[in-house]
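Data first, discussion second: the structure below is written as structure tokens.
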Amino acid sequence: MIRFSDFSRETIFLSRQPYVLIFLMIVLALSIFSVWSGIAETQAQQNTIESLLEKDNVDRAQALEKQSSYGSAAYYSFHLTYFPPSPLAFAAMGQRDIYPWKHRIRMLALEGQIYETDADNPELSFLGRFDFAFLISVLMPLFIILLLHDIRSSEREAGRFDLLIVTARNQHTLWTARALVLSIALMLVLLLPLFVGAAIMQASLSKTVLMALITLAHLLFWGAITITVGKLMAMRGQSSPRIASALLALWLTLAVIVPVVSDTAINKTVKSPNGGDLLLLQRETVNDAWDLPFSDTWDAFLSKHPDWAEHTQMESSFEWKWYYAFQQVGDQKTEDLSNAYRNAIAKKDTAAGVVAFFSPPMMTQRLMTSLADTDITASLGYEQRVRDFHQSLRYFYYPLLFNKSEFNLQVMDDLPRFLP
Amino acid sequence: MNATKQIMLDEWRYWQRTKLATTVIFIGVVLTLASVVVNTIEVRQAADERKHFQQVSESRFLEQPDRHPHRMVHYGHYVFRAPSPLSMIEPGVDAYTGTSIFLEGHRQNSATFADQRQSSGLTRFSSLSPAFLMQVLVPLLMILVGYACITREKEAGTLNIMLTQGVKKREVLTGKFLALVGSGLLVLLPLALASIWASVTGESIIVTTGFVVGYFLYILIWGAIVLWVSTFSSRKNTSFASLICLWIALCILIPRISSSTAASIVPSPGKLEADFAVLEELRKLGDGHNASDPAFNQLKANLLAKHNVNDIADLPVNFRGVVAEYSEEKLTKVLNQFAEIRMQEEVSQAEIARHFGWLSPTVSIRTFSMMMAGTNLETHHRFLREAEALRYEFIQSLNHVHQHKLDYHTDINRYRDDVVARVDAGNWNILSSFSFEPQPGMARLHQSLLYSLQLLFWCIVTLLLIKRASRRMEQ
Amino acid sequence: MPDQVVAASSLCVKLAQNDVIDNLNFTIGRGEVFALLGGNGAGKSTTLKTFLGAVSPSSGTASVMGLSVDADINTIRSKVAYLPESVMLYGHLTGIENIEYFLSLAGIKQAQPEIEEALTKVSLQTDAWHKNLSHYSKGMRQKTAIALALLREAPVLLLDEPTSGLDPRAIDEFNQLITTLANSGSTIFMVTHDVYGACQVAHRIGLLDKGKIVGMFERKNNAHIDIEEVHAAFSQGKIK
């Protein structure tokens, strides 16, 4: 049983070691940096969204003012959709630099618009962000290995081992107390900035606590492994560098090799339609419609919207209702391919979730991004909301177009608004 | 020299006997080899696929039936970027940028379908690319192999024996250094072979040579770092722990910190924000679809005066085509202006991150490697510019056809049932074929000059450090 | 001897299939100084480590105060103070801080005056008490460790090559200290290859060769054990 006195003795003891203190200070600085840069980026995104929303309203109002028909109103008015960063996004930026979190769409065929990406600087995405999730999932194991691998072996190498175990009332409490003090100190310097950041960003307490628990679980995993391997190898007389090498090899396997090899395997097994095919098909269908008999478009359109069957007569060779009908038909024809494309992403994500069971660093990363709503699921969810919003635009305009209503700017006040 | 050689051979024999070092080197070579093979196959597939798509896209355009030329402006065209030969070693930003762009009238679309958006999300920290292995893992392997190269001799007292027997410090250090670099070179071998292969398949020899030399310097730098720490430490454990800390800092921390710093200091320029500004400008320019937009009154007056007629119907050209051409030109100017600003901003953001190369050789080699391989941000921008040039060219050619091959009267009555407002499909031949060629070798060498300087800077710094540490080596 | 404080009975230890200690039998009584004398590789340190529980006997028993090392090692450790061949303590702590730390490991709380008293007793110079241990000489480190042993009030002292690497003056001081300790009732078990030192302090000397006791010498009439005799046996034993 570890007594409080063991604990306080080791705390005082370790606090007198300058290396330990410097190490912990550096980790604290890293944690502060990760949280600071996360907050800076999240706030920049929030500001961007705010200013875009403002501009979006002005722009749409200006565009609508000049219109004289609902058809051209729909053609010229764009709508901002966006996916604001969650309060915890600062801790795990996740996939937000790759998947779009803002789109401006209009009532044309959605498949032609949704793959447009207003992505981040690719070179920065390539280098990757130093966020809290990265600190915990990839670096923390290394910190733990550095701090805890030689708890026993360093004493043996310094010639104090025998004296220590003969003197100590119980040698296990000695090692356990040291490991605990170091782990708790590491935990504190890692988590303190997170809590401050969460308070600044007003993140929900429960999610912040969950985030801390994930950190704790990951720390426990590596702590247990490091101590066990350290003990077993030290008992066999292995030197500290050898113990650390073995642990680093394990880290390399779990943090690098398993994810990388699985990624290659997943990409080989999960078949995904090629984006190029999707784009070409969507363009062909939309453009071909101009040369096809009207009935082709109407038949396909009415199969989904039979309500408008009585309103398909054409008075000239161009009418907006027909124009939007073939835009919709374009989406309908690419629907299978587009679904398959998204399903492939979701499938790969699911497979990656399975792989994560064999890679605690990946597991940590996934859990954190999922808590912060910055994972692939969240991005696909946003895409779905964009699709739903686009749908609501269609339902708004169709009655106006098919019933040949006189254009009235006031009606546009009821335009659907995107809600994140 | 003989003593140096002896020391080098002795170090290798030690590695062989302890097995740890040989295992580590073996794993390194196998990993690099595997990644070179996997990536070569993948890049070849991608290259074939994109070539195929490019051909399909071009032939589809040419196969379009007789149409109104403006319909072809909206039909548009796709261009695909062929991967550079060296991207099988250094994929660079390729996975994060889209590789295809849809070109159409009145718009500049962004590149779509980046590989990373189609990936499992497992490769955000590491990737199987040979470049990642060389940049991040090889230093670790060299540390595991060589951390004790001097401290071991110190602890066993053999260093003092050697020195008192008249072996010079420089010979000891050189011997150990060569032994260490040798281990790194073994891992570099698959990469060098792949580079030769890239030369065979069309990459400029200057580039591939420079590329391999860059990685060679990187191995020298890490060999020197390992030797330096081993020289100034008095114990194996200290040299090991210090080297691992250095590795974490230089290979993992600083590259990421560079990116986070750049992202926090210079806010990311969003395309959407620029879009608003473009729309604002466009409203002033007038809508090119609507020839009666008052914005074109001046154009109309000039044209009427020039041809000395009173009505646009009497003009020898189709006025709607003139407006389309005129507004496309104005619009493209605005679009390009914003696109250039955005690219500039991206480059200056990336440059902040690249300056961290003075703090970490990993950042230097990464930038250098991307520059040489042609998988850097600037190459992506060049692709965007070339695609834009192609877009402008075929759109304006179509507008020219619109002006000269389609009668104005027919055009304004195009929606009437009895009117056929189309031009012959033969006119679609104006599309020139697109192929994205890598920059010439010298240009790439020139671009990467600063980063090769960074690498040389590291060589010098580490050598000076070793020199300093060697002064108190005997203690 | 009144009672057996330290005892080995048919003690055998195998390390990596080799018999390092082969059927060892001896007992040490209260207040006695027993030295196990032997050359390099005779099995001295292994014997000592068996009593510390760092090495397990393959057969036979090693016991301290009637407790077997197999069964009760934690209790034994609380009664034993150990002085390694080369005393290594924490370099970043002062002598007093080191003692405080190790005492608290043992669960003992000693006030500053007692620690100072012990340091005086082992004659560690006062100006070194508050210096970091990294500045200590080998003899000073050893004195610190002996002070620690005194403060632990452990009835049994296990010493591994206590005089190796010490200068003659330090050896004399050490020998005096050991004699004083023994007189005050401590049981002292030392292993050494120093014939002179052993003869100076030991009540009995066991000559160890290849894991076996090949000779036993005893003080007669309170006079020191005869060096010449031991030395002759030692050299002979090595020749054999």
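Order of writing sets the chain letters: A, B and C. Residues in each chain are counted from 1.
Throughout what follows, contacts are C-beta pairs under 8 Å (C-beta built on N, C-alpha and C of every residue); 3 or more make two chains touch, one makes a residue touch a chain.
In this text, all values refer to a predicted model and were calculated from it rather than measured experimentally.
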Chain pair that, of all pairs, has the most C-beta pairs in contact: A-B
Chain closest to the middle [Cα centroid of all protein chains]: A
CA centroid of chain A to CA centroid of chain B, Å: 24
Centre-of-Cα separation between chain C and chain A, whole angstrom: 63
Between chain B and chain C, centroid-to-centroid distance (C-alpha), Å: 69
Residues of chain C whose C-beta touches two or more other chains: none
Chain A residues within the chain C interface of the complex: 5, 9, 13, 16-18, 158-160, 162-170, 174
Residue numbers on chain C that touch chain A, as the complex places them: 49, 52-54, 74, 77-78, 80-82, 84, 86-90, 92-93, 97, 101-102, 104-107, 145, 148, 152, 158
Chain A contact footprint on chain B (complex, rising order): 20, 38, 49-50, 53, 56-57, 60, 65, 67, 71, 74-76, 78, 80, 92-93, 95-98, 100, 102, 109-114, 116-128, 137, 140, 144, 147-148, 236-237, 240-241, 244-245, 248, 252-253, 255-264, 267-268, 270-273, 275-276, 279-280, 283, 346, 349-350, 353, 366, 370, 376-377, 380, 414-417
Residue ranges of chain A touching chain B (in the complex, touch as defined): 30, 33-34, 36-37, 40-41, 44, 48, 51-52, 55-56, 59, 62-63, 80, 95, 98-99, 102, 104, 112, 115-131, 134, 137-139, 142, 146, 150, 154, 157, 239-242, 244-245, 248, 252, 255-256, 259-264, 266-267, 272, 274-276, 279-280, 283-284, 287, 290-291, 316-318, 344-345, 348-349, 351-352, 355, 361-362, 365-366, 375-376
